[in-house]
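In the two assemblies presented below, subunit A is common to both, partnered first by subunit B and then by subunit C.
For the complex of A and B:
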């Protein structure tokens, strides 16, 4: 009987993966999708009675905060949902153009909740709402106007999508991740595959912060693109980046099962460099000093990605897609 | 004289039955893979997805051609290919190493004639990427070549009656690597070759000229082709085409967001019963369509690319080592191997 503790220890060692996947789901993913569903529901509730920017901006910001914390979860139900909840980057301003056309034509699809999910993805979700609430070309609408109804319908569509996303994670995809490797699970044939899928989302989130959240406004040295900054009209560009990195840091810790010094240092360094950013909307990118600060921060964010691969990814046997990269 | 030799050979043939695929464990499929130690090998797979043989390869393979009767597989190197190996899958012997003529490169695919007396290899001229089918006799001696009428051909498929369909990808590449040289002017085509004659040629509408036609499948007079988009990544375009001889091609796609998830890239195509499927390793998903091109559904699986018809559905392989059977869109794992399956599964 004295053998029992040793046997137990061996069993635990043989299955170290489970803790990481469960921890990511229980401490990060599911609280995050629930918070997003709740925040968008609050926005929807308010938008039933009040539709003007001053009525909705705080709740839209709360919803945006909640999304940024889970926006990197582009796997399972999050893969497609991201396209219609968060249509960004939108280099061709498809969202603004579609909304302008709909409003000019008083398109009935925009004011009928049942039809609205069929409008272009660019005119749905959080970023389309930002345009209506913050863009001076759009946000001067009156109560009882077409735009007013459009905002309510858009907020309801967003809340519906968020609830579906939360439910799909809870009821379907989280169980698939937890039962990885069990007979009948065709999505994840081993626990290592489940870990890899979560790691890919984590690493992809860091890349998104570097390449899109920072890279879009940076453009090229000859041609900075301040108006491509995420949420620049609402002045949230830096806030999004900060919240996203905080969330990714928490996910990394959960996935590793414990804090990892090198990972903590890499996230701390990026947080420190972000303190130098003076314009929360990145609109000073054309100024050499402003550009330098964004470039430095981007470098630190890229370093996070490298550290994640060496400190967490390698131990999970992470390799880039064999066929995805072959290109033939 | 020769007659005595022929007589002795005849005696030997009587004494020992001709080698057949039974000597290689009766595989249903062939597939290349990278193994855990970084080496590469060709595997035979039975209908349950189990290995029937394993033959080491000197480098990464792409696809292969299986001889219709002899247990011989020709494995092609990745583009730009300098070699193809003829392997006896029963004994494991390396029968031949094929080298393209000076100035030519293999392009990863090939096919035998129905009777197995000729091998057609897809090749491009290194200098200008002009496409050719190389012709080899049953002893794998080079006997000629046929123009494919396009640039950068990729897959060749034998259709009934020894008609050969070729996907001219349209992309000119650097002679030494895969650098793409002509994307603004690329013009892919699908051609049918009868004898040495280009019998029919299909092209895409002008605004889809950046959609490279690369992989092929065929069943009952219907050809399916898989596409890879080289144009503006923000555009969502069809990645599957269906064609009947003499008719206009039909392009098929999933509803908007689902189509976008394919990331403009289809890596393999197969037809099984009333369904046609394409895989996207970049999008981690397989799309199924009706034979008329109506979208039926998506099945997700990381780095999935290898695709073949099987009884009542499809077999898929992926870079994670998985082998799955997908029936009516429902995936069921057949196995998880310690290897990364390469792009294609060849059906015997």
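For the complex of A and C:
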């Protein structure tokens, strides 16, 4: 199925700026949101009949994989969906607190699919499912228990959100990006604005990997925070980082319209440094050697952000715009 | 690693619009001067209204009474009015951003400071979330015994604030004072704010909840620090101040500071962290002024502050007006339609925040708006979020229109210069 992009490429010779936006949408965004919708649907299908951790863990992991590949797309429909699908980091443990309260009170909102979207974002989505499937304080439930129904309802809500995210990108936001600068497009007044929006998401994704995925467990030198690592209970911390960087690399290449040597080198260097990490859940952060490896990797990831600005941003005449994660 | 030069990039992009800029009556230097003048006046107002708050608190502590506590609360609310209008200076000016955590850190695990209700849950990994220093003249921190027999500025500032590297350990600033004046808001998403009895400060037999003397000592120390911290920042914006000097040193970076502050406050901070997040979590503790329920007013004055620096006008607490050439004059010269759109956007967000205030004043407190299933509250909140997000897009456009893309801002998370990390 490489025919479509090839044909597309021919038409773009006269308008090189378009190559980036269309390529990002066709090669990266839309296949990614479709794969995420598919993976969460498979989880939902299984969770209708089976609710216990051993029944659902593999499918939950597939859904996490699919999410991590698109989690940086915090624009358009992804801006709010990123919070209700994947509420992390959760500095105040709002997810575990809300779930504990709901389970103790047998809160009817937790077991009625129609009401469930109204519950706290921290008690919905992939990370709430991780708590129920992997946290020993939560995952000992029996079939036919409140928690069992809660997991099924949560999986269904996740699949519904994923389908809506895919549809919103496909039917509304992708066309808005493609038609940037055309009359009637009030969202993007020029193709440069569409490029900037995608570049901001790309650059923000790299920052998220450095500051959150690595920065959260690193804490400070005196006070490392292993339990703030993403998905540490399911042991996915390193896997998430690796998949995210692979996906961001592909997005960068699509946006540039071709492989860029310096960008490839920067991503390759980070991948190489990640090989030194021995604990996939970053739980060895308190050990000086473990910390050194994570710090080194974080430095390489920050370098990627810098190289993206100099090699792709500058050559396309764009700088990152405001990021949803600016602020405290 | 090839060093990049964002300024060169900016110059290249700026070429098409640099001609109209020079033809304008207002120069970038004049615009920066107006911005610094507004900062100077707003921080001076924040400082003097904190002094008024301090006087009200001293009067209350000298002779505790219900009326005295209410007067102190009123003074606290009034003190927020100018302070919130300074928040727009935070993200674009490193000197402000580095200082801000001392005066407005939030959210907090208030059990660090004083007694809390039984249902209180602090952060998971915060061992100090229920330290209660008011009740404990001695405690252990990081394996060391801390002598807290006297509660003073040094204890708050150097020992307790951000203790154990946990951000939620907030011992100083507006919100610590707010907690000491109002107490916990135990009404969840129902009506009502914190309801601390004035007798928490009564001395002798009438004292409720114990340790009234130490509680008063804490309130006095925290208020004194707030006044001192605000005086320091007000000084930085005077004629010889460091913040003003940094701003004026590089016109292009100075203009980028203005827009960065506007955009970061509008989008990531106000629309995202402070407003949308609380709604998505239905969590009344995720509201900026969660003890006093003053949140809608705080959000409103944030919005007003963003507009102030764009149009170059600030109304002081005594009613006088500071004004001069605003950033709007430069944007209008480069792209009149964009100026119109951005002004419209700023007015629209202030109007949406006004609706939030009116809704709260009409009986639906901010935490009630956050309740799951409250469609009306959600509509009010999301209207403000959407207006703030929309104006951010025009702020980005203004950055491009003025040729400021890629201008490096030291110490700012957005539009920063990543290469500086390695220097």
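FYI, the second predicted complex is superposed on the first by the 304 of 328 C-alpha atoms of A that agree within 3 Å, B and C clash if a C-alpha of one lies under 4 Å from a C-alpha of the other, contacts with A are read in each partner's own complex, and residues count from 1 in each chain.
One rule holds for everything that comes next: a contact is a pair of C-beta atoms (placed from the backbone, for glycine too) under 8 Å apart; a residue touches a chain by one contact, two chains touch by 3 or more.
Note that the coordinates shown come from a computational prediction; the quantities given were computed from them, not determined experimentally.
Contact with neither subunit B nor subunit C is seen for A:278 once the two complexes are overlaid on the shared chain.
Of the two partner chains placed around the shared chain by superposition, subunit B and subunit C are both touched by A:324. After overlaying the two complexes on the shared chain, residue contacts for A:109 are found with subunit C alone; subunit B is out of touch. Of the two partner chains placed around the shared chain by superposition, subunit B and subunit C are both touched by A:121. By the document's definition of touching, both partners, subunit B and subunit C, reach A:80. Put subunit B and subunit C next to each other and count what each touches on subunit A; the higher total goes to C.
When the shared chain is aligned, subunit C comes close enough to touch A:96, but subunit B does not.
Once chain A of one complex is fitted onto chain A of the other, the partner contacts of A:189 extend to both subunit B and subunit C. Once both structures are placed on chain A, subunit A residues 80, 83-84, 91-92, 121, 189, 193, 196, 319, 321-324, 326-328 are touched by subunit B and, in the other complex, by subunit C. Residues of subunit C that touch subunit A in their complex: 1-2, 4, 6, 9, 12-13, 91, 107, 121, 123-125, 164-165, 167-168, 263-264, 266-269, 272-273, 276-277, 280-283, 285, 372-373, 392, 395-397, 399-400, 405-406, 413-415, 418-419, 421-422.
Subunit A contributes residues 79-80, 83-84, 91-92, 121, 184-187, 189-190, 193, 196-197, 319, 321-324, 326-328 to its touches with subunit B in the complex. Residues of subunit B touching subunit A in their complex: 34, 62, 78-79, 108, 154, 178, 214, 228, 234, 256-258, 260-261, 265, 267, 281-282, 284, 300-305, 318-322, 324, 330-333, 336, 340-343. Here subunit A touches subunit C in the complex through residues 80, 83-84, 87, 91-94, 96-98, 109, 118-122, 189, 192-193, 196, 219-220, 222-223, 225, 227-228, 262, 302-303, 305-306, 309-310, 313-314, 317-328, going by the rule given at the top.
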